[in-house]
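Before any comments, here is the structure.
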Amino acid sequence: MANRGEIALRVMRTCRELGIATATVYSDIDRAAPHVRAAGEAYPIGAASPRESYLNIERIVAVAKRAGCDAVHPGYGFLSENADFADAVAAAGIAFVGPPGAAQRALGEKTSARRLAALSGVPVAEGTMQPLTDEAEARTTAERIGYPVLLKPAGGGGGKGMRVVRAAGELAAAWRASTGEATTAFGAPALLMERLVHPARHVEVQVLADQHGNVVWLGERDCSIQRRHQKLIEETPGPGVSDALRERLGAAAVKVATAAAYVNAGTAEFLVAPDGTFVFLEMNTRLQVEHPVTELVTGLDLVALQLRIAAGERLPFGQDGIRRTGAAIELRITAEDPFAGFLPQGGRIEFVREPSGPGIRMDSGLAAPMAVPTEYDPLLAKLIAWGPDRATALARARRAAREMIVAGVPTSLPFHSFVLGERDFVAGGYDTDYVATHWDPPGVPLIAESAAIAAALAGIARLRSARRPVTSPATPWTASARLDMRR
Amino acid sequence: MANRGEIALRVMRTCRELGIATATVYSDIDRAAPHVRAAGEAYPIGAASPRESYLNIERIVAVAKRAGCDAVHPGYGFLSENADFADAVAAAGIAFVGPPGAAQRALGEKTSARRLAALSGVPVAEGTMQPLTDEAEARTTAERIGYPVLLKPAGGGGGKGMRVVRAAGELAAAWRASTGEATTAFGAPALLMERLVHPARHVEVQVLADQHGNVVWLGERDCSIQRRHQKLIEETPGPGVSDALRERLGAAAVKVATAAAYVNAGTAEFLVAPDGTFVFLEMNTRLQVEHPVTELVTGLDLVALQLRIAAGERLPFGQDGIRRTGAAIELRITAEDPFAGFLPQGGRIEFVREPSGPGIRMDSGLAAPMAVPTEYDPLLAKLIAWGPDRATALARARRAAREMIVAGVPTSLPFHSFVLGERDFVAGGYDTDYVATHWDPPGVPLIAESAAIAAALAGIARLRSARRPVTSPATPWTASARLDMRR
Amino acid sequence: MDRLGAAGHAALRYAIRAGDRDLAIEVTPEGRFLVDDRVVAADLVEAVPGRVWSVVIDGEAHEVAFLAGDRAWVDGDELRLEIADERAVAAGRAGGRTASARQEIRAPMPGLLKRVHVTEGASVNEGDALVTLEAMKMENELRAAHAGTVAQIAVAEGTKVDGGALLIVIRSR
Amino acid sequence: MDRLGAAGHAALRYAIRAGDRDLAIEVTPEGRFLVDDRVVAADLVEAVPGRVWSVVIDGEAHEVAFLAGDRAWVDGDELRLEIADERAVAAGRAGGRTASARQEIRAPMPGLLKRVHVTEGASVNEGDALVTLEAMKMENELRAAHAGTVAQIAVAEGTKVDGGALLIVIRSR
């Protein structure tokens, strides 16, 4: 397992269910992290900084050899879309659980992916089919296709380094920032430019391909609820996706995968305009953060299928063997302050209460106590809800989100309870502007007067008890608390 | 909500999802229990002893009136099968979420249920069709139908007070014990006697009936894994149940429900002999502890359906509208020591880690810290797993059970991990003797030498750290622990 | 807190800002609560020591958790809970009250101060970008919450800063 | 524990019975571990204070939790972990060692001692019912784990007993 956090735990869970022994790597700061405690074997690979550890191909491959791994799962992020890593693992005689380096190169570099899609007859947004050489070329391109345009790193996905440029005046700053972030995130400054498709929904299609040329699509996910071009909420079926559109999107995704000689799990991302027309954005050559919503409606275990594909097995079903039942939604619980522009926050988890019950699945990397390093992605856990229909899935997700408590760092939970009660979202009528147009944090939720009073009283009780010696574990705690109130 | 623990939480979860405000009752010892914290309103009803609180019809009905409840859900156990309670609630102009008193009387008293089943052409075990008057009658009856026989309280279910009598010599002691327990548990000493069907599987069928005469069955559950005639593990589909048998069991369950003019959710219990013949045991006139396995394969929310039925709605589907997908299994995590004859243990929960992830649902009443009173049922939580097939459901349940940690009281978890790895159970070939014939607690699980050493080292580290002042929350804990090791 | 400690067992008066509500709360030596001078029959139990409380007021059940700093969680909602004693309120030190007079721009997390977009003495409008902080692989622009004048630039470009470090001070006009 | 405390920073020797394994463990003043006199490169981290430990030995990762008393949890399995220092072992006080010589029948939980089925001096066989304890709405029969003689009946019928209360002592023949 060449990753950390919730995805490392999620992959190892399937391994244990299949009786596969697990080994993981960890950075110094992660020595006591949940994924280390859950693994069968664990090996240190360096300092907290990703370059020193989770992005360090040499050390990770060395560990995989030493531990005698049959296969390496990259998770998402880090090296999951690094073709050199895929090659290095394969060169070490170890199965890479993902597409081979060649397919990753064909799709990983965004302009090459655009060319490949266009050639296989899948629509792409007007823009550059080669990386931009400099700001000047960016300027001329923008004038040709017309503002607003989108600047994107050619080297990687996940929305990092993406910038909307609405007018010529913004280009210089955007170019500088995107180049910088592209270098930080992907080690490559190269950018490309596309005409901005707007308004639009972000809809993606999950595909599976085995090593024998069989390719199927499992369904779509609407991921339009984003901040900084990064997803916060994903659901399936997409509220704006008709059966006909779903079939067209599925067919397009399969075309791209086939053209790239793709193998294993992948996701084709599209932008869908209000009129139902769509353009191909990019192919994510890895397991997506949001894969569980597809698992809940199909009943499949995508990680188990990834492992079988990596082992050379054929897909156990064809396109017509796939059934989708009900609706599912995923909430990304991140260490970000939704009242402060979703700024990521490091810190220390002091207390956690996770929800469960009917229709709820938690894929969590949380524990208490636990350090939340600023070096890595702020995703803490995923709350996923299934229901026979969208209304039930949403009601369950909202109920569960409001049960969850995370103390120590701010999280995206308040945003999620807001969205799940917000009219437009509940009605399904939203697009990628949703956060900008709907999340105007009041800073103060409107809660019952009595609840505010309860909070105040408890707060004061806490201040008062802070002046007492700590209750001995022996003493019944309710009693002691009551006594305290009677002082 | 006229109950406590996990079932109170489970019912209130559905209420919140439906936007229904909740009010609950609590005994003095439960003031800070999870169900009180989760409720919208909470009212004290007396001392810990059930008679003073959760069995106190007057006080509970008074609270329901004061709180202006539209409906009362009894959960399971306590007053859930008390006809007088159902009548008292109805008399107060409040909807009782369960069958009316009349139906409860017809089915609650076991001999009357046997008569009713026999009249509607459903097979019952040879035995008494009226309660036994005294030990002498018991003796003559036993001689007539022949040993071994089963002594059961006529007044209630749940396996409490049930005794197998293998020979005349055992009758006196069994009669005494069963009478005593029947009085304690159901306030009525009356017993009945049946020929023992043995070997047999305990298979039950979930039924739903609305107030308009519509009755459907949702599927079966095999509950053969029992100790003291009480269930520990339930699964669906039943490993020994063919499609034909399932249909016959379903039809029989509907017959009994119809004959009793049954309303709301209920469960018909059967014993199935190896040759596939079966006898009706009793009808549980409430929601079962194990209802989630049926929810997972049907995609239905039985509590939501109970509420709709209680509100007078018609069943939203007919028999042919019910689909079952995959397999589900439930593990009852109880406060019992499986290494000491499953003796219930009260105490204080100090730490809990609950599992989650793919296919796992927890219906839990656990929190840390939390008191586990000896006054109530020892059920702490239910771990429920779904899979597209039985093997996957079992693998997920085992994986999750081995992730779970409960510190402070012994639990049934070691038993569950054993069963889920045991050949006969995994093969599906088990009956009600399983615990007696398979669970011979080694007292010592065979774990890797290295794991034993790890435990020993950690144990010593703990002793050593016990001599240090507690680490201040400010200090990074991993660092401090490491320092300690280097001392 | 000191003042509270000093107050010993005399009646304690607090001014609470819970979310957008201001409440005056008095705790009698017997531990009874008066809210805006009305007696409130509140039953409080500490469910998780120092973290989670169960509060029942006339049958209304609430669960309260303290998350960090002044953030509290009540029945699924987050709110800011500011507690001060009467004098503090009088002195206008009750949290939030003075936010419009003086803004402190602090680093929300450890990171690298990539760029400072303003100079001392410069006047800024609400929403103007003040600094760019690089952290968690992203560049985050910190903006002015109100119009004002840049009173102080506490950190130079290119400096690595800790979470909470003071970066810029804005004084309102 | 006192003895440990007194031992200060000298090397500490322990006899461990972990499940069915006996291990002799020495902790050097530098905090290194010797198991049966072999040095074991163990990296221990306290994940949940006083409760959960992460132990990595040559890349093998283990998670250890302490449940209650001498019950420990290791990678999903429960085992009993008995720790004694050398002298205790010599004196035969290492847990479990003496179980067969003297059995103490204790109440596993608070309840009512409904009936005592034996008398002092009576000889019992393995599995014989000794007492009936009523608790949690059930009558539980406590039985002899080994054959022996009833050396003591500590509590009379009809008595309410606490969890852990000594009820009967059996001495093996």
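A few comments on the model shown:
Lettered A, B, C and D in written order, each chain numbered from 1.
Note that contacts are C-beta pairs under 8 Å (C-beta built on N, C-alpha and C of every residue); 3 or more make two chains touch, one makes a residue touch a chain.
Predicted model only: the values in this text are computed from it and were never measured.
Comparing the centres of all chains, each the average of its CA atoms, the largest separation from chain A belongs to D. Separating the CA-averaged centres of chain C and chain D is a span of 50 Å. Remark: chain A and chain B have CA centroids separated by 38 Å (rounded to whole angstrom).
Distance between chain centres (mean CA atoms), chain B to chain D: 31 Å.
Shared interface positions of chain A, defined as residues touching 2 or more other chains, are 31-32, 38, 350, 369, 402-403, 477-478, 481. Counting only residues that touch two or more partner chains, chain C has 45-49, 52, 60. Taken as a contact graph, with one node per protein chain and an edge wherever two chains touch, the assembly fits none of the named shapes, being neither a line, a ring, a star nor a complete graph.
All chain pairs that touch, listed by label, are A-B, A-C, A-D, B-C, B-D. On the chain C side of its complex with chain A, the touching residues are 1, 4-5, 9, 12, 14, 16, 18-21, 23, 25, 27, 30-31, 33, 35, 40, 42, 44-53, 55, 57, 60, 62, 64-68, 71-81, 83, 108-111, 114, 132, 134-140, 163. Those residues of chain B lying in contact with chain C across their complex are 23-24, 31-32, 36-43, 66-67, 367-369.
Of all residues in chain A, only 9-10, 13-14, 16-18, 31-32, 38, 292, 295, 299-301, 325-326, 350, 354, 356-364, 369, 371, 388, 392, 395-396, 398-399, 402-403, 473, 476-478, 481 touch chain B in the complex they form.
Of all residues in chain D, only 43, 45-49, 52, 54, 56, 59-61, 63 touch chain A in the complex they form. Residue ranges of chain B in contact with chain D, taken from their complex: 160, 177, 180-181, 184-185, 228, 337, 340-341, 343-347, 350-351, 353, 374-378, 401-403, 405-410, 413-414, 417, 443-447, 449-467, 470-471, 477-478, 480-482, 484-487.
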